[in-house]
Amino acid sequence: MSRYSTGTSKIVSMADAAATVPEGASLSFGGFGHFGHPLSFVRELLRQGKGGFTLHAIAECWPAELLTAAGRVNHINLSNLMFEGLGRVRAICRAVENGQITTDDHSHLGLSLRLLAAGWDMPFMPIRTMAGSDLEHIQTGPAPKFRRIASPFSNEQVGVLSPLSPDVAVVHVSEADNQGNGIIHGQISVVDAQVRAAKRVIVTAERIVEPEVIVRNNELVTVPGILVDQVVHAPYGAYPGGMYGLYDEDMELMGDYYDASRSVEAVDAYLAEWVFGLADHAEYLDRIGSQRLLEAVVDPVHMLARGRGEW
Amino acid sequence: MVNGEFTRDEMMTVATGRFIQDGWKAFIGTGLPMVAAYLAKATHAPNMTLMFESGVLAAEPRTIARAVGDPRLQSTARRVSGMLDGLLLLHGGNVDFGVLGGAQVDRFGNINSTAVGGDGYSRPATRLGGSGGANDIASAAKEFLIVVRHTRRTFVERVDHLTTPGYLTGPGAREAAGLRGRGPIGVVTDLGVFGFDETTKHMNAKSLHAGITWSDVEAATGFDIDRPDDLPTTPPPSEQELHLLRTVIDPRGVYLKDSPTTAIGGSQ
Amino acid sequence: MVNGEFTRDEMMTVATGRFIQDGWKAFIGTGLPMVAAYLAKATHAPNMTLMFESGVLAAEPRTIARAVGDPRLQSTARRVSGMLDGLLLLHGGNVDFGVLGGAQVDRFGNINSTAVGGDGYSRPATRLGGSGGANDIASAAKEFLIVVRHTRRTFVERVDHLTTPGYLTGPGAREAAGLRGRGPIGVVTDLGVFGFDETTKHMNAKSLHAGITWSDVEAATGFDIDRPDDLPTTPPPSEQELHLLRTVIDPRGVYLKDSPTTAIGGSQ
Amino acid sequence: MSRYSTGTSKIVSMADAAATVPEGASLSFGGFGHFGHPLSFVRELLRQGKGGFTLHAIAECWPAELLTAAGRVNHINLSNLMFEGLGRVRAICRAVENGQITTDDHSHLGLSLRLLAAGWDMPFMPIRTMAGSDLEHIQTGPAPKFRRIASPFSNEQVGVLSPLSPDVAVVHVSEADNQGNGIIHGQISVVDAQVRAAKRVIVTAERIVEPEVIVRNNELVTVPGILVDQVVHAPYGAYPGGMYGLYDEDMELMGDYYDASRSVEAVDAYLAEWVFGLADHAEYLDRIGSQRLLEAVVDPVHMLARGRGEW
């Protein structure tokens, strides 16, 4: 037994965690590029049928796309959503073009700082970018995102951002203890701001580890357990995306979605096959197959899987 | 596409790389600009520092990265953090240079990467990815370069949505908006290299790539682009540059897909 | 100093620990409050989280820490970062409780830890260390406790310098200043346990330690402290509490120097 | 040879680094408690004779005290200066009480955020603490530190801090490459803000390492090399303070200073013996003696030196 306090465990099942997300909630997800998105959680959330969501989406292209493709999203506060190396997030783009969802655009820094301001309980946060562009001029959200005020220490008029707090942040980590202290290897995207800004935080983790493992690596802990409400064990929880240091993204599977996204019908078929047709994450991983999962495991120096590109 | 011994992609890549000065700290995305940065680092700018909005600092990948999120960048970087840290280093004035693309560019170097056509922002004909770090880079980097293919759809009189500030409405407008960076210093396309007039901030031509005529440029540009009296040919890629591009930097044609000397294709 | 079977330090420590509720996230400095936190965690508050302004989160040291900067706290913590992160977690509303000391305390629980006497702030008779994180904790933690030795020099009518906000000038003043935290919930001294009147925010007495009389308190207090009709004796430390303090938590008397059952001294 | 760019090395001698600090400069130093202060640099700076300094001093009790004790300081923007486990920084306190130096007090968060605002090029930074106290009411610095403005997004009047930029920040790290990418083990105090805020950054390092070492641990790099101007190799550079993960503080030697600090004469004698009487850091370490230095080396699990307290 650990000599460290294990406290009341925050570990719950994926279904129980997803069940705590209310209809109409505002959500923010971890992840960047094709890496680190909590996709096993997103699939469970889709299976549970809830929607009407608002997204605060900085770099979580895959969660945002899948939720929008299934018609679960009303509004997105976004900074950039695209698939690196593939192209547009077509379901989202189509929903905007058809007027099915609304958006409010920011720069990456702008949206990140709005979350940070909420996490730090700051009533506003200065920013020198976004100014002069339509990111400043066009504001479509329910509350203003950007205003200008006079600096009390200089003669400048300076842009300030309003804080933005998601109801729930869901982030995927490499390892966490049962209190939610979580380590993310590689870049952390905006997880630091998301877990501070959100009213509730759900951590999905590749591995649940003893407190000793966290303590030994305590300089690498990005998610402070005191901010976390629930912890879910989710091996390969970012698949078909990758997890830095553990497994590469599966570009073939991601490409399958991207191809399907050309039409509403094909997207529906994709979701039927890969989300609604599978009972849970265990069935999803069975469907992928252990051979394929193991082929994705990365070399610990180059952080790439053998055979998926030269080092 | 092939112009004698090099492709238009190779010409764009080399022309882009020439803007990169040694010692610069630069934000560079994927695609041809990434290849250009590798080339510059392998030739005249060995001490440039590659930075990414994800918080990746001083990456030195062994092989060409497929994306800003590519593990190659993280596993070879001197520092890996997150987006806030990466972009606040930029905001704090620590980045010299960025390279940006877009769906539309206007005469003042303003860029649209958000929404094209239709009824405007809220109901566009084509919704695009949005700014990401581009607005931040164009606003806060000391200067930036635009790299984009040259078509009449891209070079427009007025961008439908101003995602990323060039010189906005003209002289003094960036200063009035409070932007710290100087703005765009050039535009590299598959037709030539362009700049901006010191006084008017209008886009002007600096050189045309070999085989390109002024009427090619006019036909592909939706606004009056200033033509100087003296319009040289862009210096072609050197043998060394072509060798590096084809055999060291992108031998599998990840980005330089139509190179005549390598197989077309590669991953993604 | 010895009161029957326990010392005043032990009484203060135990009384302080009783304020700590299970599950709380608390900022606790060194000295008796650190011992009190260890004791609370070993008894009624096993799930309290120890946090420090240096960015040390959920420390669980094997032995008593000598300082906030003690390596024991970092080597046993779940997370180690820096001061900005530690204090911004506090500013963001994530800290339930803090324990603060000071050189002067007034009837509203305002604390001075900066400058005493002389010609005021810029030319005091005695310059002290300054706020550090104390002002931040008192302002932003949901509530805080004052722990200080009870002397007429310490308990003053008005603090010479208001380093750390208690109830400031009285009811409504914290709210008017925009402070998020509720303010001080109690004062533990070597004479008794004190609180603050709900309506007036004046300090009042809750209990006196065994052997202490009201005149002891009056003699050691430079302002009128409210005396309730019913003034019980502070429940003494239990056998279990004394056992833990003397044999497990601070057996070498790092802080509990005058314990009758252990050698006086220890390091520092 | 490293496969990574080594660039133009920023490594200089301690004397050359200290020589770049101008008379009258504003300075900020790394360190917290009895750990991580760049004390070998401070001793060299003292030997070079410059003064008239302004300090932005959050937790760097030892650099601030030694510089003030030698009469080199005019003004301190401070949040807390004391010696943990010992007591007051007597030379500083005496200088304030005698009117020899001026001070402007902040909370730890307030002063840290002022540096961060400068580092992020923000014209001001909101804060909800300091309000109502004399930290708000008494302002003695050459420029205002705290004002209240109306939030443009709520009906609140909120405190905002002005940015504060030191001319030079000097920080001590566990290891750095020749570009100044630096790793600090354990808590980092406010080094993150200091190196961003300062106009010039000097890194002193226990070890100079190859780029490969930094790349392998790139998630732990607190000091980005792009912000660093000079790098100095300074083994035991925090002595007689400690360096987390490497060596413990020498409480006996620190106590010798503390005892000396009771009188101006004794302080002068201490400085003559331990600073001015020694040519450089090498002589300082010789004076300490290898036996004593090796006894201070910490156990890699408990991070404490054997015999300097129970684990």
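Letters A, B, C and D mark the chains in the order given here, with residues in each chain numbered from 1 onward.
FYI, contacts are C-beta pairs under 8 Å (C-beta built on N, C-alpha and C of every residue); 3 or more make two chains touch, one makes a residue touch a chain.
Just so it is clear, the model here is predicted, and its values are computed rather than measured.
Asks: Strictly by the touch rule at the top, which chains does subunit A share as contacts with subunit C?
Replies: For subunit A paired with subunit C, the chains in contact with each are D, in label order.
Asks: What chains, if any, are shared contacts of subunit B and subunit D?
Replies: The shared contacts of subunit B and subunit D, listed by label, come to A.
Asks: Among the chains, which is located farthest from subunit A on the basis of C-alpha centroids?
Replies: Farthest chain from subunit A, going by C-alpha centroids: C.
Asks: Subunit A to subunit B: how many Å between their CA centres?
Replies: Centre-to-centre distance between subunit A and subunit B: 28 Å.
Asks: Could you work out how far the Cα centre of subunit B sits from that of subunit C, in whole Å?
Replies: Going by mean C-alpha positions, subunit B sits 59 Å from subunit C.
Asks: Report the inter-chain centroid distance for subunit A and subunit D in whole angstrom, where each centroid is the mean of the CA atoms.
Replies: Roughly 37 Å separates the two chain centres.
Asks: Identify all positions of subunit C at which a residue touches two or more other chains, and write them in rising order.
Replies: 62, 74-75, 80, 88, 91, 180
Asks: Among the residues of subunit D, which are close enough to touch at least two other chains?
Replies: 121-122, 127-128, 156, 158, 186, 219, in rising order.
Asks: State which pairs of chains touch, listing all of them.
Replies: A-B, A-C, A-D, B-D, C-D
Asks: Given the complex with subunit A, which residues does subunit C contribute to the contact?
Replies: Counting only subunit C, the residues touching subunit A are 25, 41, 46-47, 49, 51, 57-58, 60, 62, 74-80, 88-89, 91-94, 180.
Asks: In their shared complex, at which residues does subunit B touch subunit A?
Replies: Within the complex, subunit B contacts subunit A at residues 30, 53-56, 62-63, 66-72, 74-75, 80-84, 87-88, 90-91, 114-115, 118, 121-136, 139-140, 161-165, 168, 173-174, 176-180, 252, 267-268.
Asks: Which subunit A residues qualify as touching subunit C in the complex?
Replies: Answer in residue numbers: 3-5, 7-8, 119-122, 177, 179, 181, 196, 211, 214-215, 218-219, 221, 224-227.
Asks: Provide the residue numbers of subunit A that touch subunit B in the complex, in ascending order.
Replies: These residues of subunit A touch subunit B: 32-35, 58-59, 78-82, 84-86, 88-89, 92-94, 96-97, 99, 102-103, 105-110, 112-113, 116, 127-135, 137-138, 140, 156-159, 186-193, 222, 242, 244, 248, 251, 298, 301-304, 309-311.
Asks: Along subunit D, where are the residues that touch subunit A in the complex?
Replies: Its residues touching subunit A are 121-128, 143-144, 147, 149, 151-154, 156, 158, 160, 162-163, 185-186, 219-220.
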